[in-house]
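Each of the next two complexes has chain A plus one more chain, namely chain B in the first and chain C in the second.
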Partner chain A sequence: MNAPTISLASRMPKWVGALVRGLLIVLLAVAIFGPLLNMLIWTVAEAWYFPNKLPLRWGFQFWGRVFRPEAGAMTALWTSVLIAMMTVVFSLLVSIPAGYALSRRTLPLRSVFLLVFLLPQAFPAIAVHMNIARIFYGIGLNGTIWGVMLVHAIQGLVFSVWIASASFAAVNQEQVEAARNLGASPWRAFMNVSLPLAAPGLMASAIFVFLISLDEFSGTFFVGVPDVRTLPLTMLNAALEGNYQIASITALLLLVPSIAFMLFVEKFLKADVLAKVGT
Partner chain B sequence: MTEPVISIRNLRVAYGDNEVLKGIDLAIAPGSFIALLGASGCGKTTLLRTLAGFNEAAGGSILVDGKDILALAPERRGMAMVFQSYALWSHMNVAQNIGYGLKLRGISKPEIAERVTKLLAMLGLQGYEQRPVAELSGGQRQRVALGRALAVEPKILLLDEPLSNLDARIRLQMRHEIRSIQKKLGLTAILVTHDREEAMVMADQVVILDQGRIAQIGTPEEVFQRPSSPFVASFMGAENIVDCVAKRSEKGIAISVPKSQASTLECSTDAAADGACVAEDAMGEAPRPVQVHFRSESAFLSLTETAVSNALQLPGRVAQVSYLGSGYRCEIDTDCGSFFVDHPTRVSPDDVVTICIPAGALHVFRMDPARTVAARH
Partner chain C sequence: MPIALLSPALLMVGLLFVYPLLFSLAYAFRNEATGAWGLVNFEKAFELYSNDILYTVFILVLATVLTGLFAVAIGGYLTLGENRRTVAILRWLYRWPLFIPMVVAGQLMRTFLAKNGMLNNGLMSLGLIEPINAVSMLDWRGVVITFVWKQLPFAALLISGAMASMDRSMIESARNLGASRFHALVEIVIPQVKASIAVSLILSFVTMLSALSVPMMVIAGSPTMITVDMAWRVNSYSDYGVANALGFISCAMSGVVAWFYLRQSVREQSRIVAK
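What follows is the complex of A and B.
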């Protein structure tokens, strides 16, 4: 006769599982929020020397220094946001048609196209950006917002084209056929059916591109400096000077547009739609 | 007969080198309900999609009201289709889904709203205008998909297995609803299905497809009672096959079963006089091998030795019994193979019985050489 099999998990008391789960969550939280917490403390530390675990003097003294007009942080913030928004618009303009075309299985050399978008990522970024800067210098794009936007777009396009192609491929072809069947031209069917159904994926790719652009450093450094200064450049300057307070406050500042943009996009997306991205 | 609304002539469709439709000829009368019936892969859905313009033809023509439509884009064909997946637009609510075709036709918003309301009332979905389609049940989605197709008042309605995703009970109900709407609106409807009961219940004409060709066209009664080929007979449920020898006789036909001690049956070949349904090439002056098909439900078991007249009788032994609700389906082993026969009362395995197949239930075809080869392996 067979005794009913008892699995290992059911033999353990319940609290063991709960403890393991709790420990894992705490570990994960430390990994994610540890550096962030350190950064937050730096923003309100006026004096903090090794080997002290906590700052010696707390205060908002450095905030005033960052927000002084001559510090240029606010100008850099606006430049960053402007470039990020331009990059999003540009990459959507490219990735919607490109992603749609790539999602059609009939497109010849489909994999070659995807490879072309992937190629710049395969090389060390600095080498790519140095050479882009040379080319842009030749055509007068160096030191312009457009030039910086293009450099950011090159990095964002890999992801946005890929996500867009996946989103369009996920649209059930019968839904498009149903629109054609009822009298919609191919263009009308695309605008009324394919595009709205792929929109959640496209929005997700927009968030991605926005964040990539806000964070981008090396391309901006080679193409933009000294005429175009974005917030990451300001932040690096401060960090290199050993001024952790300014660097941390700037980083916190950089969070504002990221979160604002995510909230803006989220307004258009319900969670259940977002969850379907790529399915 | 009235001028056909659709005539399909020698239509061929291929996916690459794989020819899916190998020359289809079909004339469809206006206002009729046609069912394209066949096993999966027979080309029935391809035929429907070619009509709608989603598949390209490799040859032949499709005339609608006398005009060839093969060169027209799907949006210009004036046929409304209900998809198997329903293909509703999840980013629109019920009213937007149904009204989409009207919006494309430039109809004013109040009129669209009015017509959508009317359609919803007809489909039993009053007040569902603002519901997102994701919140609907399968049957309700089915109705919305049907409403969306009907909203544009098409002359031709294409139905691609519209009921296959529904629960059995709702499916039975929707069969009759679709049929009555089609009659009321006077539409020409073409239904693709693999369910022979659905095809027979809904359609005026059943078109049975086999490997890209039409196997038989006829009314439900014709294809059920007088199948023109062994394939159609098996597909329509006459799946018991007895290898026999037949020749012409005075009464009509004489059928004997060489592998069994069954006595030769002599019967008429006139269906009206309870005779067997005999294919023309199955009978000659000299005896020739034939395959005889019959349905489990049209044969019965005799438990005693008494002879039954005008029936083919095969002695055998009960191998297995299963309960169907309306009776018992018994597997009977005989000297010439095992057959399924329905019996109203319970019999026990190993009982000695005689299968009696009334002459009127026999479908006699010339032996298909491929079948004997397959049986030997």
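What follows is the complex of A and C.
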């Protein structure tokens, strides 16, 4: 059964294979960058009607409109950034102790605890979000920045705890013991040795949580609206109102930090930490 | 001591995830008008939204299958590809949408797949379609394309990672015995990374099942996905009963997927033990 494929492959001239490879790569590149390019064109299109293939008038007119105070996009951007920073601080406060405890292989029920933090990713989030909104409504957290921050923090918790645990697990224990032998208290050894050594991994987890919070949609939709308006919700509104330019400019604002992180993630998340995530 | 360090994080999962989830599952069975327990929410959910439930299942299954096929193809080429330059280009290329937010992916596709979008413009420029035949793809096709576009890098990253850490000697010897690359992929590589394929596809399935923004942005009107119906029941009618019944159904969908995976892995465990 193998014979025909082999003879076919060997009979095919080399350029046919190269052509097929090249075509597939070009197709993939178009599929990946096409939607991005389309969005970029919309951010600088002032007039563009079907069936024109390119805008009739180019310019930055809509950028001015987005950044005007009454447009609300700037307020939304600041709200988003503020909530994301609060989420990062809160997540680190919770996940540094948890990650430190989980980095010890001797911890009883360790794999069960690791799994518990994965649970929020294994169930559809919408059902949870709408009931959180209902519970928060009862205790006055609905429509507040604090409520939205809590929803974002639970969404990012698995990443912050798992990455923190992996970062502490990658810390060289001999250095910690050396500090202890020189008379440092466990607290001082943690603050002066373990924490600084784990810092790059914790930085990665902070960036991860920041991005998750910046991009979170459905939790904000149920818990925050209409009082707390983040950038993703502003974008949805602009898109549903048919304002392609405003929606594309807000999309671009959300895209830049995500792509920057994708390009630099390996600088923050070293291979020795990465290999320990979730184990 | 370690439990004390863990407790804030555990408390958070309990209060912000387990409690609302149980609340949701229980209140799916409660008639909030009368306070009685029963199936009335489910009857209403099926009466109003049975089309949307089937539509959701169809979209999710199709998107998951396509994500799996493309991710295995990308991982397979990264592992078995012989042209170094193509492998390097592919490795650089496929990851771009990885951290792009779902809601932004929805917006990108809303412009790209629209009637006046770049896809139609491109096809018209190449002479493949006439302007009169240009159609908007902003329906189930748009949602499937958006989901695959967004989830493919994640699945491909996990799967190619698993393939890269495989023992290469078996692939080499099969290739030396004259097996084509396709045969090596199907008969040697895929069976060894089955677990990674399953995990990446289950997580993708649940992510797509939770995505409210994509169907909201990409589908205009009805039929739509049940996430949009849930938001609609809550925001327009304050009808948590039917919304929770739909939430229960979506949890059941992810439960079915997880159950298949667990059953499969238990079977494999017992096969290994039997050997």
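The working rule: the second predicted complex is superposed on the first by the 217 of 279 C-alpha atoms of A that agree within 3 Å, B and C clash if a C-alpha of one lies under 4 Å from a C-alpha of the other, contacts with A are read in each partner's own complex, and residues count from 1 in each chain.
What we mean here is this: contacts are C-beta pairs under 8 Å (C-beta built on N, C-alpha and C of every residue); 3 or more make two chains touch, one makes a residue touch a chain.
Bear in mind the structure is a predicted one, so any value in this text is a computation, not a measurement.
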{"item": "Partner chain in contact with A:L119 - chain B first, chain C second, else both or neither", "value": "second"}
{"item": "First, second, both or neither for A:R188, with chain B first and chain C second", "value": "first"}
{"item": "Partner chain in contact with A:A169 - chain B first, chain C second, else both or neither", "value": "neither"}
{"item": "Chain B versus chain C as contact partner of A:M85, first or second or both or neither", "value": "neither"}
{"item": "Partner chain in contact with A:L28 - chain B first, chain C second, else both or neither", "value": "second"}
{"item": "Dominant contact partner of chain A by residue count, chain C or chain B", "value": "C"}
{"item": "First (chain B), second (chain C), both or neither touched by A:L197", "value": "first"}
{"item": "Which of chain B and chain C A:V161 touches, first, second, both or neither", "value": "second"}
{"item": "Chain A positions touched by chain B in one structure and by chain C in the second", "value": "none"}
{"item": "Of chain A, residues touching chain C in the complex", "value": "2, 5-6, 9, 18, 21, 25, 28-39, 41-42, 48-51, 53, 93-95, 97-98, 100-102, 104, 107, 113, 116-117, 119-135, 150-151, 153-154, 157, 161, 211, 214-215, 217-218, 221-222, 232, 235-236, 239-240, 244, 247-248, 251, 254-255, 258-259, 261-262"}
{"item": "Touching residues (chain side chain A, partner chain B) in the complex", "value": "172, 174-175, 177-186, 188, 192-193, 196-197, 199"}
{"item": "Contact set on chain C toward chain A in their complex", "value": "2-3, 5-6, 8-10, 12-13, 16-21, 23-25, 27, 83, 86, 89-90, 93-112, 115-119, 121-122, 124-125, 131, 134, 149, 178-180, 182-183, 202-203, 206, 209-213, 216-217, 227, 230-231, 234, 240, 243-244, 247-248, 250-251, 253-254, 258"}
{"item": "Chain A-facing residues of chain B, complex", "value": "52-54, 73-76, 79-81, 83-85, 87-91, 100-101, 104-105, 148-149, 152"}
